[in-house]
């Protein structure tokens, strides 16, 4: 049982990384990113392919993932300079799908639908199975912490203030001399980098990735984490990630109590329950469990 | 019915926690104009929104012509003859000027054409721009459209929130003149104005609001002459 | 046309820091600007008046990079700024307000103001991590300044309120206060007085006058309140139908029959 | 090439009506409602139940199915969305995704995941000038056109339509002018619900009835509506046509596996040229 | 005759077995059958006194046909339920997706997936596949199709691993036998809003026959489109896509369709037993191609546990071969028969409902018959059969 919790905690960690990144892009800056799964995939495949096919040391491969995420984040932001919020939604959604189609179809590179087996992992072979689980959890936790601190610093700084101003009204921000485009690109790229790193950590943890992993559903879970936690609030969405995972996993144990249901009905019921609980949570806490805090300067 | 057209008693209302307007009581007699003045954030718009049914009252009562309309939602208020022109967001931006005016006549479609003629006479520029979406009007034109919408029905009570803001001096004069003429047909008018001199100029009574409360409620001419009021709210004292 | 007064005016102001020539802008069939010309001289508080729909706000939009003009040129501080994006203007020294206030709703009043000043160190990504001390110091200075401006605008009590929760007039005040936070030499105000309580507006006028006299800031003000124009502005430019009608000291302009006919009506 | 056009037209006709409905709902409630997938699926199964289980003729079953779906969609508003009116669009978006999961799985709970079809034999195409089209497809196209014109006429000329546009523009002001916004919104849900029910039938005819039917249509619908400019009935139809054509033409240059992706790229390019959508109007705030 | 059947030993730890089936998503039409079959076997065994005197405790999870969810489900089965084996994965991406976790924890996997990567990636010899690998399918179906005399083919397939290698094998066989593949074989994605372009592309060269390996959901939509396109040639697919539900959904238009599949030994004893257990009538058609495998998975696992006398997975894995594979042993057709025989000290060879269940040394099933079927009057009629020759 402990190991189950350790591994679930690790998955929560991935969600947290992704949610922090999304919060930076959307919660703080107002840039809708429906292509979360695409960035996740970019990170996962970059690191996976570099370590499996190019023979890079796994640590280097994992560091290349955020770089790749950064580049693509900047590219997507540049492409959508002129777009309104809802259009950014389609462009990013499309981006996520294209990434998935790419890994699905370019099997000469990615192994396509067969999936990529990744045996390499950091400190692989030096720890036994139990120790390794703890080690990886620690690795993910440290990453979450670092990204959290960076995000918090941004949020509390004048930089974060500009981001929120852009979120509210980009024309006003422009008239006040803020180079809106630069901020948008920086933030989207930074978020992309965090997502890339999240993808890399995920890939080397599950050790087998395939295009099916990066379906839009993953993006939906990340969005849920941010919304349930409280958009704009980094602490809140850490909780949000936990809550969403608890919903996803907790409902698994349903079967232990409702043994009279057959597997198909049970799995339908489980997803229905996730949906209902989600609606209830949002109904009770529309701005999330921990809404964005107001800033009070008291120097 | 010989009582007042509008009777407000002990009204409290607000948005989040805490009341913005506190224990407001006043009456407006039929066929009269009352102008509310006061500093920014005094709660003038909140009061008028509460009377229009946009903000829910927490305590107190609102009666129009003896009917208890307390807590009634805005569309039913409108059906009861209350016409309201908001301070902000007062036109349908994506509808054309003409459609906006038609929306003004929602509760009284029969006299729509004459009334529209009348509004166009008043503000010829609206006729010129009648096919333009209201969101693309200039600030003042938009204000005319908003006012014009309220002119599309024959209300019992007209609630105006800063109708003169953004209008050119010439138009301000015309607008107040129109209000006066409408009033003469027996419509009660309650109006918030920062242009106090002119606003009070056509009014029977003036109310000074500050910090959510009614500070003074006097005949308009007395208020205009009141030195303290002049200094604090009108900026007339040098 | 203005004789001696016109000459006096020439001397009163310095060189033109903002000039617009032949500006045209059409929306579909509506010619909002049709060859607008205008000069704003350094150190003046210039008024811009004209009937509703004359094209004043459109002119502001074209000058501040919010929309591109169809033709014509805009020069500021000796540079041709036609078609520049708005974020390049503030560093050059031009800032504007909006007629319908555009507050940043879910920022507090204080934040709305602290956001405004240009070239803040803390607005760049690396310094917030590498020079936290300097950023904090800068923030303290901004904070002090913002508090001061909030005080003037009588918004001090609301400093931690979200701007979306302000009253209509308060939003206009915030709009003005935000522009005053920037150290811009040229400030364009679109109807700062509309909806603001006249007593308070007087205080604000004093601030504008102080900024103009003591710091040499230049203002271009669109306003329909003739008292404000009379007290603040010299010269006054009148526009109708997308172009300049006349220009001069307010006392002269207000007696111009064409101006009375088009704009003032019987009242003023 | 002609065939490509016909194919694109059929695609568009399938996506068009729900895109119109999506666009209307977006316009009036200000959030992208991703529960459309669930609604369409429910619609398809409702029609299936009337048509196959109860043995009613397809046309009648469709009408009944549209009514049922309309009612259900309206009910979903009463129960789920109405109490959340004030909340941010993205929160509502997430809620609508949760709702689509519930609807889809609810269908699965009753009917399982098997594929199904209506009681209507498949037909071979009619041929002319080397192009092919089936009777069903002609119907689909005709219905789509009818829906677009009807919606346009309602919005433009009827009282309720004007009330809908006013409500979608400025909710508070609409109330102030005396419009019963609650009733307007209820009508909008019912109308759009009926369109989703219709899409259930058309989708079931063209593709296959199964719980994910609606989900598979969601993204093209979303893209078409946005592309057309929110709130415009003809815009949504034209958006659908462009999405259809984009996807059809892709295959001429790239492996068809990239079809969906290229559709997106073309949409992105179009939006870069015309950021407000095809029929949307740019707004300049002053 | 059950004198030796032991009663459940009270207080003994149960034997934990996990079932991870695609109850929703792409495998949704098949998962529930597999899950139900697993449960039936376990119930039967428990009712008869369990294995090694211990109760078998079954935990069932839904993979959603999605490796991301499946990995977490597997995590739960491994760490919470402490299962010795995870049975029933269907899609290759799921089977491969959970493989690292299973290998690390030493958990046996039993699947019906067809990716050729499965044996390659199974480093510990813990994976047993109850399904022929897809190249075998492609080869066999091509062989059967060629016997019908077609000379030109066009190919397209749902884009997944299962169909990918099948198409290659099919094309290779076709060419080897002197017929032609006239298009550049291509893939399409499931879950699309239309398949018109794909069909257009497929029939462009007017081939005599088209081969489309796919899953039932997308194939139904594709087939309708082919029919509506007016294509008059022969459509060939795999039987998993053309079951009863498919025929109901497309109605008469299904007539004339050819489909091939590795078949349970129809008419065999175990298959008949399966039909009875599942409450199905014997229609002479292939029913529950994967449910049958589910039965065989659970049966062979439990037999192997009994045989190994322990739940040590390495030993159990070895015992799986012992109870299923090899000549000269007593043939058993159900788990109870087998348990009885093992307890009686006999060597057994389990013959299943999905196949005779013989594994090669990589754990891949060997003995599968193939059959080509034609839909006539809404019914499957066998036209060719390719029997597995041991």
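Labels for the chains are A, B, C, D and E, by order of writing; each one numbers its residues from 1.
Assume a contact is a pair of C-beta atoms (placed from the backbone, for glycine too) under 8 Å apart; a residue touches a chain by one contact, two chains touch by 3 or more.
If you're wondering where the values come from, they're calculated on a predicted model, not measured in any experiment.
Undergrad: Any chance you could name the chains that touch subunit D and subunit E both?
TA: Shared contacts of subunit D and subunit E: A.
Undergrad: If you tally the C-beta contacts for B-D and for B-C, which one comes out higher?
TA: B-C is joined by more C-beta pairs in contact.
Undergrad: Let me spell it out: compute each chain's centre from its C-alpha atoms, then which one is farthest from subunit D's centre?
TA: C
Undergrad: Could you grab the centroid distance between subunit A and subunit E? Build each centroid from C-alpha atoms only and quote it in angstrom.
TA: 35
Undergrad: Report, in whole Å, the distance between the mean C-alpha point of subunit B and the mean C-alpha point of subunit E.
TA: Whole-Å distance between the two chain centres: 76.
Undergrad: For subunit A and subunit C, what's the span in angstrom between their mean Cα positions?
TA: 44
Undergrad: Just give me the whole-number Å value for how far the CA centre of subunit C lies from that of subunit D.
TA: Once rounded, the distance between the two centres reads 47 Å.
Undergrad: Two-or-more-chain contact residues of subunit B, please, as numbers and ranges.
TA: 136, 138-139
Undergrad: Would you give the residues of subunit E that are in contact with at least 2 other chains, written as numbers and ranges?
TA: 23-24, 32, 159, 187, 189
Undergrad: Find every residue in subunit A that makes contact with two or more other chains and list them.
TA: Within subunit A, the residues that touch at least two other chains are 101, 104-105, 171, 264, 268, 271.
Undergrad: Along subunit A, where are the residues that touch subunit E in the complex?
TA: Touching subunit E from subunit A are residues 1-4, 7-8, 11, 101, 104-105, 107, 112-115, 117, 119, 129, 206-215, 217-218, 248-249, 252, 255-256, 262-264, 266-268, 270-271.
Undergrad: Show me the residue ranges of subunit D that touch subunit A in the complex, using the header's touch definition.
TA: For subunit D paired with subunit A, touching residues are 32, 80, 83-84, 86-88, 90-91, 94-95, 97-99, 101-102, 104-106, 108-109, 112-113, 219, 222-223, 226-227, 230, 255, 257-258, 260-261, 263-265, 267-268, 271-272, 275-277, 285.
Undergrad: Inside the complex, what are the residues of subunit B that reach subunit C?
TA: 15-16, 38-42, 44-46, 87-88, 125, 129, 132, 136-141, 143-144, 161-162, 165-174, 194-196, 231-236
Undergrad: In the complex formed with subunit A, which residues of subunit E make contact?
TA: 19, 21, 23-24, 31-32, 35-36, 39, 59-62, 64-69, 71-73, 75-76, 78-80, 91-93, 96-101, 104-105, 115, 117, 121, 159-161, 164, 187, 189
Undergrad: Can you name the residues of subunit A that touch subunit C in the complex?
TA: 150, 153-154, 157-159, 161-162, 164-165, 167-169, 171-180, 186, 190, 292, 294-297, 299
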